[in-house]
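These are the structures, in structure tokens.
In what follows, subunit A forms one complex with subunit B and a second complex with subunit C.
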Partner chain A sequence: MLKLIGRRLVQMVLIILVASLLLFVIFDTPQFKKRLAVQELGGFAVSALSEADYQEWLASRGLDVPFYQRYVDWMGNILTGDFGFSYEKNTEVGPLLASRLANTGILALCVFALMIPISLTLGVLSGMREGSPLDRSITFISVFTTSIPEIATAIILTVVLALGLGWLPAKSAMIQGFDVKQLILPVLTLVIYDFGYVARMTRASMAEVMTSQYIRTAVLKGIPYRRVVMKHALRNALIAPFTVIVLQLNWLLSGVVVVEVFFEYDGFGKLLLEAALFPDVEVVQACTLAAVVVAVTSQIISDVGYTFLNPRIRFS
Partner chain B sequence: MPEAATSSAATLEAVQPATGETPVLECRNLCISYFTRAGEIPAVVDFNMKLMPGEAQGIVGESGCGKSTVALAIMQYMGKNGRVVGGEILFEGRDMRTMSEEELRQIRGSKIAMVYQEPMASLNPAMTIGDQLAEVPIFHESVSKDEALSRARKMLESVRLPDPDRILSSYPHQISGGQQQRVVIAMALLSNPKLLLLDEPTTALDVTVEAGIVELIKDIAAEFGTSMIYISHNLGLILETCDRITVMYSGEAVEVGSIKDVFDAMRHPYTRGLFASIPVPGADKNSHPLVSIPGQLPLPHQRPPGCNFGPRCDFFVKDRCDVGAIPMTEIGNGDHHASRCVRVDEIDWDSTIGAGDESEPTVPGDVVLKVDGMTKHYEIEKGALFFSGEKHTVKANEKLNFDAREAETVAIVGESGCGKSTFAKVLMGLETATEGSVAIGNVDLAEMPVDQRGPETISNLQMVFQNPFDTLNPSHTVGGQIARVIRKFGAETDEKKVKARVMELLDIVKLPRDFAKRRPRQLSGGQKQRVGIARAFAGNPSVVIADEPVSALDVSVQAAVTELLMDIQRENRTTLLFISHDLSVVRYLADRIVVMYLGQIMEQGTTDEIFSPPYHPYTEALLSAVPIADTHVKKRKVLLTGEIPSPSNPPKGCPFSTRCPYMIAGTCDTIPPPIVEFSHGHRIACHLPRDELAAMEPVIQIEKEPAHVA
Partner chain C sequence: MAVVTAPPPSVPLMHRLKNPKVSITIFVIAWLPLMLYVMGGSSLGVLEPFILIPAIPAVILLYAICISTFRESTIALIGTTLVFFWFLIAVTAPYLPLIDPNKPIAPFVPPFTAKNDVFFILGTDFKGRDMLSRTLWGCQRVLVWGVSATFVAYIVGTAFGLIAGYISGWWDEIISFLGNVILSFPVMVLFIVILNYLGPSGFNIVIAVTFASAPAIMRIVRGLALDVKTRDYVFAAQTRGESALWIMVVELLPNVRGPIIVDACLRLGYTTVAITTLTFLGLGLQPPDPDWGLMIKESAKTAMLFKFSYMLLIPALSVSSLILGFNLMADGLREMSMRD
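Up next, the complex of A and B:
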């Protein structure tokens, strides 16, 4: 187990190194730097930028030192907790990233709290009796909701619940501080989009378990059907969806861009988009780092959890 | 001892006076169908059975004959698309079809219990064995969990599992296959059922383990008075366990009767064909070849009119055998002996079955394959959970020494984990040996992986695989696959000649030429294996390894494929290495036998030398364990206790010492056994003194007179 986690952590460090190096190389090309300079200095075109101005800008941003040295410095700073400076937002990247991650974290938590019980219940009910009317309706609904893009769901919900009925605020910018009401629409949008996927995974897993020989053994042992499902089928059927659910964590982090931007919710996705459009190099780099860490961490959680759920692996 | 015979006779007598009693189970004109998109498919038609208390009945038949369907129908568990469409299933006089779900639940697991073919798949992988066992008394007798667990513990003891406490807290994957099956049997017995259904309970197990389970089942029947239905494809097992037998073919019972009537005076052509196609002692590849049943099993929706066996039957008469439904006919002289044959009174049942073609024994030539001190060790990392570089050695093969001559069949026999497959892998170049040499001619192959071998070497050494279903590429035609091999080996390059050679090979394996255009899914298992054989022989190999080539096939097809392999071998003077766990087949076709256990050779010699004393104690147990479908055979019982040790942690000294009944403490468990040579080539690796080995009694004896006198 420790070995597994260790291996994953080494993997994480490697991925971070490769990804950040890649970004560094791209951002270090003269073309890119010149474009950035023009944007910040307020010129019209790269051709209009004088060499002197460019050099001055480079020096002011500390970009005149050699590439490898900057990379090592950047790495060293990160280890001391300094994530750089956002020239667009005129603030330290570290605290900015932390507050945005926290916002997305709240969103993700709400989505999970709602989605997991819904999708697991539906998936289990549906997989328990494959081909029954209930199964068919659940399958239809989950395919339907997953097929509609988030943006469409977001628009429909806003039009109906916010603009039409006026029950909920249309935007989630939270200007007057945190407001739970503003959280409802983005959470609903994400849950509607995502629950179908997890429900179908659970259904497939449950249906497979229900046809297995040990379920036959349990039924022919004469124990009540309820217990066959709750005690024998469920645990085995949840092993596969568990992995999927944990990997949704990763999806929520980068996949919520559309929803966050639409509802003007100040989360990680929105930050990433803004930084990429500007382009705010240090923020993009810090965000990449965060994304890699979350991706690998969710992978570790899913591996460890899988081992825990599956005695065949735990005791081998 | 003819224990099997005497005990079955005793139970028969016990049953006879009880005819006034209600049968435990009665099936009357039972018809079961599956409903698929293609329509209704009758799986079982007109099935009758009357099972008295304490009686054991066997159902025997090939795959697809409906034997498992009968068992599941008795349990009323047929899935969504299976249904009883006619007849009755009476359990203690009540029709099970009219019972509610709740009534069925109360009967299942308490009055009727079942033991399944694959113990591993039948146990819940995520629950401890204790929890799974305890459920039975908890839900049927509403006892407390502690009480349930202590009953479970007691039951584990009575199925002779060592260390029941450890097993109670284990998960299924932590114990061996034989132990798992004992757990399933314990689970079935926990509520003391009236009826026990056993669906191929030992098919997935090794022979010596199987022998233990069979013994256990017999003891249980005697001790608890449980009625049993024993389903198997193995006639020998039915003989050892049952009082009566039902032979099924293509969804119908074709012959029913007491063991002695059906085994010694069969009255249906299919039963007769079945017995002629299994290798029993006395059959011999040269003077007494097997007779296979021609043709193949019809698919359920393609059954012929009239008798299902008609198209494959020697006694088929047009306009009599192919009209109308054929009823069961009672045969007057027997003990409720009946046959589903319209010509049962006309056929001369004493006539010898159309004898197979006799042939001259082949004379082996020079040594072709020489294995000298071949050793294969695997290094695995120990303790996957922690950082530790500790290495662990699995001794898959340890100093193998033997050779094989031209045109000779050498069988390598052993149970799982004995290293026979590892040896085949090294020979084929999929693994390299750790030490020693394996030479074909002058080429040493031991450390030459397959990608370093020239086409000549590869084509010279080919393999027929165990599972014909997975070894043919499903998206290529049969002809294409054979032609590819011919081109690869450079046997022929001209396209016309390649094609001609493909046709020739199809002729050799007795497949119609237009099969070249077919794809594997259009072929039956036996036909696929023929293609596998054609492919192996495409490059005129001098050595062919056949790894359990017939074990995945049905009995009646096995004989045909075995005969084919023998014929081609005889024709080409090929050296055949036949890897098998089935001693009956091996006795029939091998010239010499190598007996392996846990990676080492325990005994080797000619077939006669292996089958008669002196034996290695393991060979002795192995011979005693193999069920033989012949009432004239007397077997001496040698039962082994314990399980096969893991090859990653073999016993010091003799690998067999942990289970050997002759174990000499202090010697066998510490010092590797010396090799004792009896005659030239007959070698036994054992510590027992020479004269003690020589004084052993034969295990298998054939009586001249039938064991049962009618």
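Up next, the complex of A and C:
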């Protein structure tokens, strides 16, 4: 068990290191250095700059040293909490990223709080009696909702609930402070897109457990069906969905981009997109690195959690 | 857009096609002109107005073949019909009596009204361009770039998967590790970083999709190859002294092909979502040519009123129907291959 966690941790650090190296290398070309110069000095100043002056500018910014040295510096800075400077927003990247990640965290928390009960209930209900009308309709709904892309769900919800009925605000910019009402549409969009997948996984796991020997024994012993499901089946059926739910965090980080941009919610995804369009290289790097760290961590939690929850692996 | 894919069941789906070679030829006849038409654009010269004509009967024929093959699964039939509807629209768009999709006529005309002696079935957008013709033309680029990107991703992913699975050893370690590194990026983040680096264009979308999808495909193919590798016919080929390349292409590839097809249908759906989303975000295909993502992007800024919500709803429903088609097709195919 400890050995497994240790191995996974080493793997995690390696993956993050390689990912950060890739991120650093691809944005380390002469073109991107030039763009940085344009952002700092202005386009005219750079085009008027002679080659020698440009080299001098590079030297003053510390960009002329070999890249591995700068990579080590960059990583060192990040580890001490210095993520660089955002030219678009004119602030330090660190606090900016932290506040945006917190906003996305609120969104993600609401999504999970709503999605987990819905998808688990639906999954268990449909997996309980495979092939029943209830099962079929739940399966169809989950295929249908996951087939509609987030952008379309967002549009339909906005048109119906915000523009048509006027119940909810159409945008979630939160200009006048935090407002729960503005959170509803983004959360609903993400839940509608995501619950089907988890529900299907739960259904598969539940269906597998329901056909196993010990459930048949329990039913044949005359234990009420309700009790068989609640006490015997659920425990084992919910192990697999656990890993799926934790892995949804990775998916959520990519789904959140569209939703945040569409609803103008000030979160991590919107920050990343704005930085990419500007282009604000240091923000892109910081955001991507943060996303990778979150994704890899969630993967490890799901792996370790699975082995911990599954007694067959835990005791072997 | 979950990347987790359960290994699809291994049943030769290709056997259902009575004559795979003919079907593939028809597909090429239908597909190549469309691809040339969208990617080549005006560089086709005099050929441009005629190049899509042979594709129209080919698409209809292909649809008939698919219908007769998938007869037993209603879900697959619905899916195929949806997909082929858009496919047919894509190849016939230049010959349909449509208004030029880029020509401004009268802005903000609601659906089913006439203005300036023109009857607009789906109305016009904020620049006065006909929504109906923009919607129908819009499917061309999504389809072509989506299918091409998925295809390239499959070639790259399968190649790496076969190498990792068959040669194993250090190659496997390195390829699998790099795959894990790429998979640790959330998909949309990876797309944004790659397109930010390369710049937005159709070809760069192909590259980005390849990067994002190939590792997952590689994993599936690697697993299948590890299984197939231990079969007797592979040992026979090794004893004959065939080279590793020959064994991978001739012995392994045909045997891992079936399960990949189901996965490919699902992934076509993901790619279509990705392209529309990226275009909406401003990182994908560029204006002014009609495209669903672009229509959503432009209307989201100008038409946030219930009266004008058709501008958002029409492209959203179109893209949903196409993706629903791909997903239902994949579901039906999986169901059918389980039954065999």
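Keep this in mind: the second predicted complex is superposed on the first by the 282 of 316 C-alpha atoms of A that agree within 3 Å, B and C clash if a C-alpha of one lies under 4 Å from a C-alpha of the other, contacts with A are read in each partner's own complex, and residues count from 1 in each chain.
Just so we're on the same page, contacts are C-beta pairs under 8 Å (C-beta built on N, C-alpha and C of every residue); 3 or more make two chains touch, one makes a residue touch a chain.
These figures come from a predicted structure and were not determined experimentally.
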Clash or fit, subunit B versus subunit C on superposed subunit A: fit
Which of subunit B and subunit C A:236 touches, first, second, both or neither: first
First, second, both or neither for A:221, with subunit B first and subunit C second: first
Subunit B versus subunit C as contact partner of A:22, first or second or both or neither: second
Subunit B versus subunit C as contact partner of A:59, first or second or both or neither: neither
Which partner, subunit B or subunit C, touches more subunit A residues: C
Which superposed partner A:144 touches (first subunit B, second subunit C, both, neither): second
C-alpha centroid angle, subunit C to subunit B via subunit A, nearest 10°: 80
First, second, both or neither for A:212, with subunit B first and subunit C second: first
Distance in angstrom between the closest Cα atoms of subunit C and subunit B, superposition on A: 5
Touch list for subunit A against partner subunit C, complex: 11, 14-16, 18-19, 22-23, 26-27, 143-144, 146-152, 155-156, 158-159, 163-164, 170, 197, 244, 247-248, 250-251, 253-255, 257-258, 261-262, 269, 272-273, 276-277, 279, 284, 287-288, 291-292, 295-296, 299
Subunit C residues within the subunit A interface of the complex: 1-4, 177-178, 180-181, 184-189, 192-193, 195-197, 269, 273, 276-277, 280-283, 293, 296, 300, 304-306, 309, 312-313, 316-317, 319-320, 323-324, 327-328, 331
Subunit B residues touching subunit A - in the complex, by the definition given at the top: 75, 77, 80, 101, 105-110, 113-114, 116, 118, 121-127, 135-136, 139-140, 171, 173-174, 184, 187, 384-387
Residues of subunit A defined as touching subunit B within the complex: 1-3, 6, 131, 212-214, 216-225, 227, 231-232, 235-236, 309-312, 315-316
